[in-house]
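The following blocks contain the structures, represented as structure tokens.
Here chain A shows up in two complexes: once beside chain B, once beside chain C.
What follows is the complex of A and B.
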């Protein structure tokens, strides 16, 4: 293939270069002694040291991790239910409207989601007194709303391509539907649930725009701290933070990818 | 055949416990936190701003017991219509979204096609390489371009050291930088759906064409490209719609002359504290985006049907 379409694969390679050049530049310059991008002042880990002593940034990171983990767990449950509806309950009431409601957050500009949720929270507080003020709760509610849409897409494609014969066999043998779901369906879609959880987690960790609208005093998330220091220009501390995030994410994705790849190879060999 | 499908469908339905809860939980969540809020945006867009907390005056007010007045304020919409700034911003957003979608296609299509043509065991790793940047922070990836594009940044440094230019090019804080940032950030959104379409294309037609002596380039134009049109259109909307409301990229990479509606909304809301005007802007953007959204749903379904 490579020989048949040399131009095509050259373009693919250029595409990867475009995708990875900025990422590598961040990693390299996070170890730069000098503050300037163009000057190499020697290898140094001093920016990592400054990062560890940056109290406000660490507090924000911890808050973001807490919200992201909670968000991912709720989003996986709701997203899985939505995916079950879309794949297996065709024709049930609310099927079509759910399909539209779950696709729209994927493309809806964040700035609209943020503003509209803030106005809702203000009105709700006025009417029923909950959620009281803006802070972690409102950020969590907002994040679940858009991340469950992504979870739905992932679980939906898994459910749609799943072999249903085992489930049917269990039903024929008299197992109750609830039992079948927990004993067979759930383990079979588990990889999709894990991928959905991770994606929901990173989406929440990454959100600046929506959180800026619905957060309150005392609930500053990591992207908000990053944004305010990045607005002033290049900051080596942020390069160090970026390198840490990239390292964690690529390790997680690599482990997940290799595990899934091996499983697939095994399955192919068996069949 | 149909009977058999119906039976299967009914049987699968019984596999799922507690149907009401399954549909109900996500349905009500999205109705409450995604659909209902738009009504509040519409409502506040007709309100009058005031210096208070919250900074708008409710247009339904109870003066005395039971006596309710309704005072609508269309001034926000009138202002959007009359002030050129807002029209320019809407047009600017459209221009940037449309042109960047085109460039995403130009770069993304060959990538998706190359991955679809590569041997089966290569595809997963190659796709993962496209997805991986998407998993690392969006904000930080946009920020990375500041260091590359600024006057004393990496790109200018490189171009001057190889003697291509004498003076640093001014790229950061210009529309060019915004285009680069947008194409860079949204490229994976287009590669993935395109790959999904291309990898499942019917190869028999291509083989027939090759047997009849068609050249590869002609095979592509006459067979592959037309077949992938629904995938192209669905994927393009996946880029176009969110870029229309983009804030982070024009804010960090664009300059004062980069007018985009998302950035303007942010300023109206956070700097000017004009919630009603920001809501009016959001309403206009929402209405504008309905058409591409409907198109996207249509072509997504069409692409899915063609694959069956």
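What follows is the complex of A and C.
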């Protein structure tokens, strides 16, 4: 293979290098002795030690994870409901405009979303006293607003490709609509829900612009901390933190992959 | 065309005093401004193997879906076993359906698929296991219990779908193109099996199909549908031998149609003059017809015989053989009459390697019996 298609493999290698070289350099420099990010000063794990003692950075990371997880869960529920409405209730009035409105945040510039939400939150506080000030709640609300649109699109495409006669068969066999949803529809769209959750988590995790608009004192997310510290020169602590996040994520993906592969093998051996 | 079902004397539709298991009363279904089903009334009796036959878009699937409860009639009522079910949701109807796509639950294995309906009835699990094993044995899929649908072949999926629909022992089983996705050999085999299962269980089967051969082979009665209306409801044999309309005659099997007008009608014999045929046609017909009326005479290709000379008696035509199609069991001959009209007739190939007595360009004389053809007025 390699001998027959040398150009193809060169391109493949280039593609992988383009995607993963920056991440590798980030990981390597997290073990750098030197304070300068660009100069190699020998191997050391001291930045990991400093990271553990860096309270504000860890707090920000924890806050980001909390908001991202909560955001993903809420977005999946709301996005799924929106997708169900869009796919299954085609006959109702306002169906088309709902479709446009739900997915509008996909194409709206982040700056505009952030600014308009800030104005909304301020006006709401004046009028009804909620949400009181800007903080975790407002960041969460803002994130749900746009990540829900992504979940809707993912679930919607899955639902649209699903054979509706499967649900009809369940009805036909005596299951009531609610039961059909939980026993048949939900398991069938579960992969889309999982994908939607992960995407919503990631979107929230690395959002800087919108969070900057709607956050308040005491609620600084990780991207905000990283961004502000970059202006003072990037500390290799950031590299260390990124390395840990990458390690956690790739371990999770690896475990999921292996589990699924084993399950598949087991099913094959059984039959 | 073969018929599996023995021509039994049992004809429930001939006993009008008995309450039909399905009564469709002037049911109409419109989608926007199109009439999918146009004021259909139909009675189906207990233990029937009933076919809704028609080309795609004739409304047969819509009618079946209304029986299943997946579509609501725009007007008209549907009764099952005397009970009005028009507004009853599918999960409360004593009917199960086998879907065209089989609609197996992809995340459940074969046994779980079959048990699904029984679980909804909150049947004890020991009883469920027993019933599942029973229907799996009935359709011979015992060995597949732990497989997932994506690990099955098309034929196996079809069996699982059938087992799942039978598990709840419905009063009526609806089958939407049940054999449509199978290859020819498997289809023929499965036709026999379906009929056997239906006769053993005594459940009323209502099947939708576009395949006339399938309908002829399996059904006790066929309803031929066209443009949302029913053209004819009859037993397969009557449907073939005595089609009621031109559409029915040409949809089922092949047919030669001659337009003409009635000359006289005496003693149940109609004399028809047809320019197309180039001969007077004599047809047995008991309904009264007025002289001068425009009618069509229908004659099946296999009812036409070759004879050695051309005579002047009725039902005698002659022409030149234009095409011969050798199908193995029979040969089909296309003959052009002096009027330009083309006629088909078939001959069985009784002897292997026999010298073909008929060949291209040859002039042939043909005729048929007055009792073998029919008069169509619609």
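In this section, the second predicted complex is superposed on the first by the 231 of 271 C-alpha atoms of A that agree within 3 Å, B and C clash if a C-alpha of one lies under 4 Å from a C-alpha of the other, contacts with A are read in each partner's own complex, and residues count from 1 in each chain.
What we mean here is this: a residue touches a chain if its C-beta (ideal position, glycine included) is under 8 Å from a C-beta of that chain, and two chains touch if they have at least 3 such contacts.
From a predicted model like this one, the values you see are computed outputs, not experimental measurements.
After superposition on chain A, the partners chain B and chain C are seen to fit next to each other with no clash.
In the superposition on chain A, contact of A:97 is made with chain B only, not with chain C. In the superposed model, A:171 makes contact with both chain B and chain C.
In the superposed pair of complexes, A:69 makes contact with neither chain B nor chain C. In the superposed model, A:111 makes contact with chain B only, not with chain C. When chain A is checked against chain B and against chain C, the one touching more of its residues turns out to be B.
Legend: residue contacts after superposition of the two complexes on their common chain; A:22 is shown touching chain B, with no touch to chain C.
Between the C-alpha centres of chain B and chain C, as seen from that of chain A in the superposed arrangement, lies an angle of 90 degrees, given as a multiple of 10. Contacts of A:163 after superposition: chain C is touched, whereas chain B is not reached. Looking at the shared chain after the overlay, A:187 reaches chain C, while chain B stays out of its contact range. After superposing the two complexes on chain A, the shortest C-alpha to C-alpha distance between chain B and chain C comes to 5 Å. Where the contact sets of chain A with chain B and with chain C meet, they give residues 168, 171. For chain B in complex with chain A, the residues that touch the partner chain are 8-9, 11-19, 21-27, 29-31, 33-38, 40-41, 43-44, 54, 107-108, 110-111, 113-115, 117-119, 124-126, 128-133, 135-141, 143-148, 150, 152-154, 157, 184, 187-188, 216, 237-238, 241-242, 244-248, 251-252, 262, 265-266, 269-270, 275, 278-279, 282, 285-286, 289, 293, 296-297, 300.
Chain A contributes residues 163, 165-166, 168-176, 179, 183-184, 187-188, 267, 270-271 to its touches with chain C in the complex.
If you check the complex, the residues on chain C that touch chain A are 68-70, 89-92, 95-97, 99-101, 103-107, 116-117, 120-121, 146-148, 151, 164-165, 168.
Residues 1-2, 4-5, 8-9, 11-12, 15-16, 18-23, 25-26, 29, 36-38, 77-79, 81-82, 84-85, 88-95, 97-98, 100-113, 115-117, 119-120, 122-123, 141-142, 144-145, 148, 152, 164, 167-168, 171, 177-178, 180-181, 185, 199, 202, 205-206, 208-209, 212-213, 223, 226-227, 230-231, 233-234, 238, 241-242, 245-246, 249-250, 253, 257, 260-261, 264 of chain A are the ones that touch chain B when the two sit in their complex.
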